[in-house]
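As written, the chains take the letters A, B and C, and residue 1 is the first residue of each chain.
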Amino acid sequence: MILFDLFLILLIAYSVGFLYYGLYRNITARFQRRFGPPITQSFYDSIKFFSKEDSTSHGWMFYLGPIIMMTGAITTLFFIPFFYDRADFRGLSDYGNLFVVLYLLVVGPLGNALGVGVSGNPFAVMGVTRGLSRLFAMELPFYIAVIALISINQSADIATIASNQHETINAIAYPLLFIPALFAFIGMMGQSPFDVVGAPVEVYSGPAAEFSGKFLALLMSQGAIFSFAKLVLMVNLFLGGASGFMELLLKTFLLFLFVIAFGSLYGRFKTPQSIDFLLKVPTVIAIVGLILATWS
Amino acid sequence: MRIINTLLAFLSLALLLSFWQDNFSFYVDLALLGLHGVVVGVKTSALSNVFALLIGFSWLMVSIASFASKKNTHSTLFLWLPILSLALFLIVYTVDYLLFFVGWEVMSIVSYFILAPTLTPKALLKYILFAMASALALLMGIVILYSGAETLLYIDANHGFTLLSQQMKMILVLLMLFAFFVKIGAIGFHYWLVDSYAQADDLFTTYLSAVLSKMGIYGLIIFLTQVVDIYSLDWKILAYTIAIIGVTTSVIATFKAIKEDELKRLLAYSSIAQLGYIVTILAIAGGMGGVLYHALIHTLVKLLLFINIASIIALTNRSKLSQLGGLIYRTPHSFVLLLIGIIVLAGMPPLAGFASKYLVYTSLLDAKMLLILSAVMFASVSGFLYVYKLIYGIYLGHPTHKSLESVDEVSKWYLIPQYIIALLLVIIGAFPALIVPTLNTVLVQLHVAPIPFETSTILESPLGAYNGFVVMSAFAVIFVLVLFFVWRVKSKAKNVKNRFDIAYCGEEPTSATPLHYGYGMGQELQRVGFIAIIWKQSSASFYNALTLMLFSLSTRLRKVYTGNLASNFNWLIIFAIFLLCWGLE
Amino acid sequence: MSSIYFIALPLLFGFATPIFAKFGKNGIAYSSVLLQASLFLLSIQLFVTMDKSIIEVIAIAPPLGIALILDNVSIFFVMLFTFLVLMGSLYYLKLREKNPYQNEAKFFILINMLLASAIGLVLSSDIFNIYVFFEIAGISAYILSAYRKTPKALEAGLKYLITGAIASIFLVFAIALIYLHLGTLNLALISQGFTALESDIKLLISLFLLIGFGLKVEIFPLNFWVTDIYEGSDAFTDAFFSAVVVKAYLFVFFHIVYLFLPHKEFTLFLLYLGAVSMLIAEIVALRQTNLKRLFAYSSLGQVGLLFVAFSMQEAVSITAGLYILLAHSLAKMVIFLSLASLFEKYKKEDISLFKEMNSPFLRNIIIISMLSLLGIPLLAGFVGKFLLLKSIAFSGLFVLLGLLVLASLIESVYYFKIIGFMFSKEERGEKFSLSTLQRAVLLTLTLGIILIGIAPFLISDFIATASSVMIDVRSYQNLLLGAN
């Protein structure tokens, strides 16, 4: 039963993830006054890559990188419940809690960093370095917001936090927690202005530099799944969670839309700039929010 | 020598485990010294057993690893190590402050003799002066406490403490905190620690980090819970101060570690940071479980990491990240073991490190120390950077020297202890509550609330539980499935023999291209304001100024002793006049 | 009549030297050693048969005449002094083979005079006799320090002579005043009558006594001459100065303080004087490079510590003081004797000597002695230090406690600097090994340090009794006068 549940969760995350990815490419294209590819293009791409052979290899650890990343993404997904009041689609969330999810969020990227590191490509490692440097700055405001939520709800259970919001959602009740979390979330989704890690297009670098074929496909797929997992987490924490598929899709899509719209509007920060910004503005807001929210 | 040493280690561990449940005590009356009614002695208790286990286990592991070197290179080390361990056992088993002090001083002095052959004179002097300062502060504190309690036993110390005046209480607390913070290497008092760790015999560094630093924690536990009763309302400010010192230590040490290029210095700072977490939660009532858990995990993981690094240094004769690189396929076992080590150090699920971090976080949350928790999590996440740097610098990337391409796997004597520890860490990861019943006996002894316990797979906390077994098996099963899936998709890729065959701006790098520059990661953080400040500041300037002051004072006072009798008799006359005036009054 | 032997025999030794010289060129040396050994055995025999009672030897019946009192505390000092001098002489037996003193007969006479006068100081029970031994000790010490006749040695001898003369003047003044006003020289009688004196006279007497003895017990600020003497003299003689002579003066001084001046205010002053003395000596020692000077400052520091211990005027702290005194004497003996050999071997007195030193045996025993001086547990120094700090804390003198701890910390700075030199990785000098006899001497002393450290209860009864006797003024008076 639970296996079937998990399979469905994976299937939904995979398809919705790619759907969103397709939409993302379309919407950013419109922002840039061009027409993007068909929505299903990314999905086809990933299928195609799976059937392509990869050109180079740097040993077993190199292969393990994307695999760990995929594992991390799926595990994260399984520990986040889709709905706060339904017995199904809870995945494994009863066995873990928010702390587990917070840490699982970074397992994948770190695993991938190993695979990237072994490739010996200095540009790829540059991406990893940027990612790790940015990571702690990004996580700080997010963690503060999450700590505040856990403290307010006296529970680290995601479903409980989601269900405690039926009167007002946390985003409205605690805007000073939501705003910094949102900044961090933009970074987590790899959007501008915090997207120097992948640095698409301009810089010939980033963690994915050495991967091709099925491993690139694996990276793409995990990206889709992982994005969806993060969206669901954010919805659960701040947007009141969901009790049905329509609500879940609507809320995640709105959040996603906001993120990519925001990302399209802003230029990119350099790594130190983004660390500096994240440690100043959102962190200070989050600390104020934390104090206001928990002062009693 | 090392065989005897190993046998002793094994014997002590075996004795400890076989008499785990038994109570043993032995007391001596000091009446013979003119101190009537003063009793000193040793006694087994749950707390001391746990710490003794850490000592015995670390001793055995280090001893096993010592067989790796062909010659008996560490002969002085193994002469002293049994004595050192004996002193440590004395520290944990004693029930009074006199024997504690004896153990403490013997520990410091014996360590000095172990360190002496390898350290530079300056580092050696730094080590021993801090150790002496610590010991003297401890001695002064003990004597003050003794004057209040009129006995040296821990159990009566609390009563004696309440008899002291408020002012003396504060002085006593400051002295004792100083004594223990020096050993732990809390920030500001860590000036000696990094150099000593870096220059000590590689195996002794393991022991230093795994065990000796824990003695500071043990001393703090005894002092804060048995003597001061830190969790009472009167000492709330002190508790907050300790927590803030702890977390500041963690944050600063983490960033210092990020900047380091030398393997052992990096891990030394990492040690400081990890002990900072322990100090932080030591200050809160619900944190004792986390303290013990984290102390245990940290001991294990530092044993693993330092032995691993010792093996790499022995193999390559290089001790800097910038001189290593690309060893993964030469020493795959070491790589995997270090990987396990850093996963635990970073506190990642599904291994044991997460369990202890989980207790740290939830206890802070439960105590409503939310800002401190934020800082702890910040330090913890920043730590990813240096753990990645560590594994990247040694094993990943490109070899920086030809000699690195022809080395073989490290000696099996290094691998055996590492595998034992790694196995333990994996088991504890899957069954995070396995050690909870043992820890709970300690918590009951210390009169703090035990950790809730149902089954060994679920680690409970006031804010929710997590099932370590499910997390680990989910991770493992998904990993295997993905691996299987990828395996099935056809691939004709060949393992490139030419390691320069990488995507590199459309050019082909040569052996002259510095491809390993990733070891310097983290340097760009220099441009972030507060990190630059942390990196620039050093307690060295403070201690240098202190030394300078003392020396100039010495020069000035030296002028009293001019050696010129005529002028010297002025002193006599001044003294006589002073006495006369004082007497007339 | 046995306690008179301790003074008479070494003094008579001088007259007998022509006879001993007949037994060949080693005759005097061996007979001196034999004398000291028999004195040591005698003191042990006395100690064993003493049965905690007190022996008294009277030449002329007190209060008029001379009385020597051998009680539980003076037997401690007699045993210690004879033992240390014996050890020193044994050590010298080998030292003289390479670098003998000129005119050795005189040297042996002087050493024995030093021993006699040190014991005399401890045993004497009237103040004039104390003055006589004060002078004998002084004269033999002046000559001993100038014995090598190098410029530095002569300078040291001269300085010692001048300072000693001044100290004697003050002491004589004090004695004269006492005799003028009380009409007696007997310690017990003085002690009974002293409180009745006018306060001005009391002040003057205490001032003279303090300065007279202060110069000799090396207390700040009257210790300005000490380091020059140590530097100028041989390390071998320094061993006796540091381990024997100062200790005798210290005992006499505090004996007089307990008998005459047990005022709380005064002793409080002495307490802080001791602490300041220690602190200043340790700070100055920080930058010393000449080893003899360095250990001279270290001695000054230890004397300060002893001053604190004896000024507390409590049985426990005096016990502590005796432990510290014992530990210090043993350790300084080891250090100065080893230095004597090392100076001779490596021809330098600089601190860098220890970088060059290549003798694991000497390294180990010097380290043990130094650690004992620092008060490291399981060595002799710790017992005394702990008891002292304990009794200070029990008296509530926390500032004093802080001062002493600070001084100990500074002390450890230069001790560990030296120990660090011994582990220096620089090129070592020539290998150096001592003769078996010298090793045995040093080893005996070092084993003493270790044994007292590990098992202080072996001598704790004895020392506790000694300290209670030392502070018990009334029974001393009764003893001295009751014998009338």
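The rule is short, and it goes like this: contacts are C-beta pairs under 8 Å (C-beta built on N, C-alpha and C of every residue); 3 or more make two chains touch, one makes a residue touch a chain.
Source: prediction; values computed, not measured.
Among all pairs of chains, A-B has the largest number of C-beta pairs in contact. Most remote from chain C, judged by the distance between CA-atom centroids, is A.
Centre-to-centre, using mean CA coordinates, chain B is 45 Å away from chain C.
Computed from the mean C-alpha positions, the centre of chain A lies at a distance of 35 Å from the centre of chain B. Between the CA-based centres of chain A and chain C the separation comes to 79 Å, rounded to the whole angstrom. In the complex of the two chains, the chain B residues touching chain C come out as 32-35, 98, 101-102, 105-106, 109, 112, 116-117, 121, 124-125, 128-129, 132-133, 136-137, 139-140, 143-144, 146-147, 168, 171, 550-551, 553-555, 557-558, 560-563, 565, 568-569, 571-572, 574-576, 579-580, 582-584. On chain C, the positions that touch chain B within their shared complex are 159, 162-163, 166, 203, 206-207, 210-211, 214-215, 221-222, 224-225, 227-228, 269, 280, 283-287, 315-316, 319, 371, 374, 376-378, 382-383, 386-387, 389-390, 392-394, 396, 398, 401-402, 405, 408-410, 412-413, 416-417, 419-421, 423-425, 456-457, 460-461, 464.
Residues 326, 328-329, 335, 339, 346-349, 354, 357-358, 361-362, 365, 368, 370-371, 373-374, 377-378, 381-382, 384-385, 388, 391-392, 395-398, 463-467, 470-471, 474-475, 478-479, 482-483, 486, 489-496, 499, 501-505, 515-518, 521-522, 524-525, 527-530 of chain B are the ones touching chain A in the complex. The touching residues of chain A, counted against chain B in their complex, run 50-51, 53-59, 61, 63, 67-68, 70-71, 74-75, 78-79, 92, 95-100, 103-104, 106-107, 110, 113-114, 117-123, 125-126, 128-129, 132-133, 135-136, 139-140, 143-144, 147-148, 150-151, 154-157, 204, 209-210, 213-215, 218, 271-272, 275-276, 279, 287, 290-291, 294.
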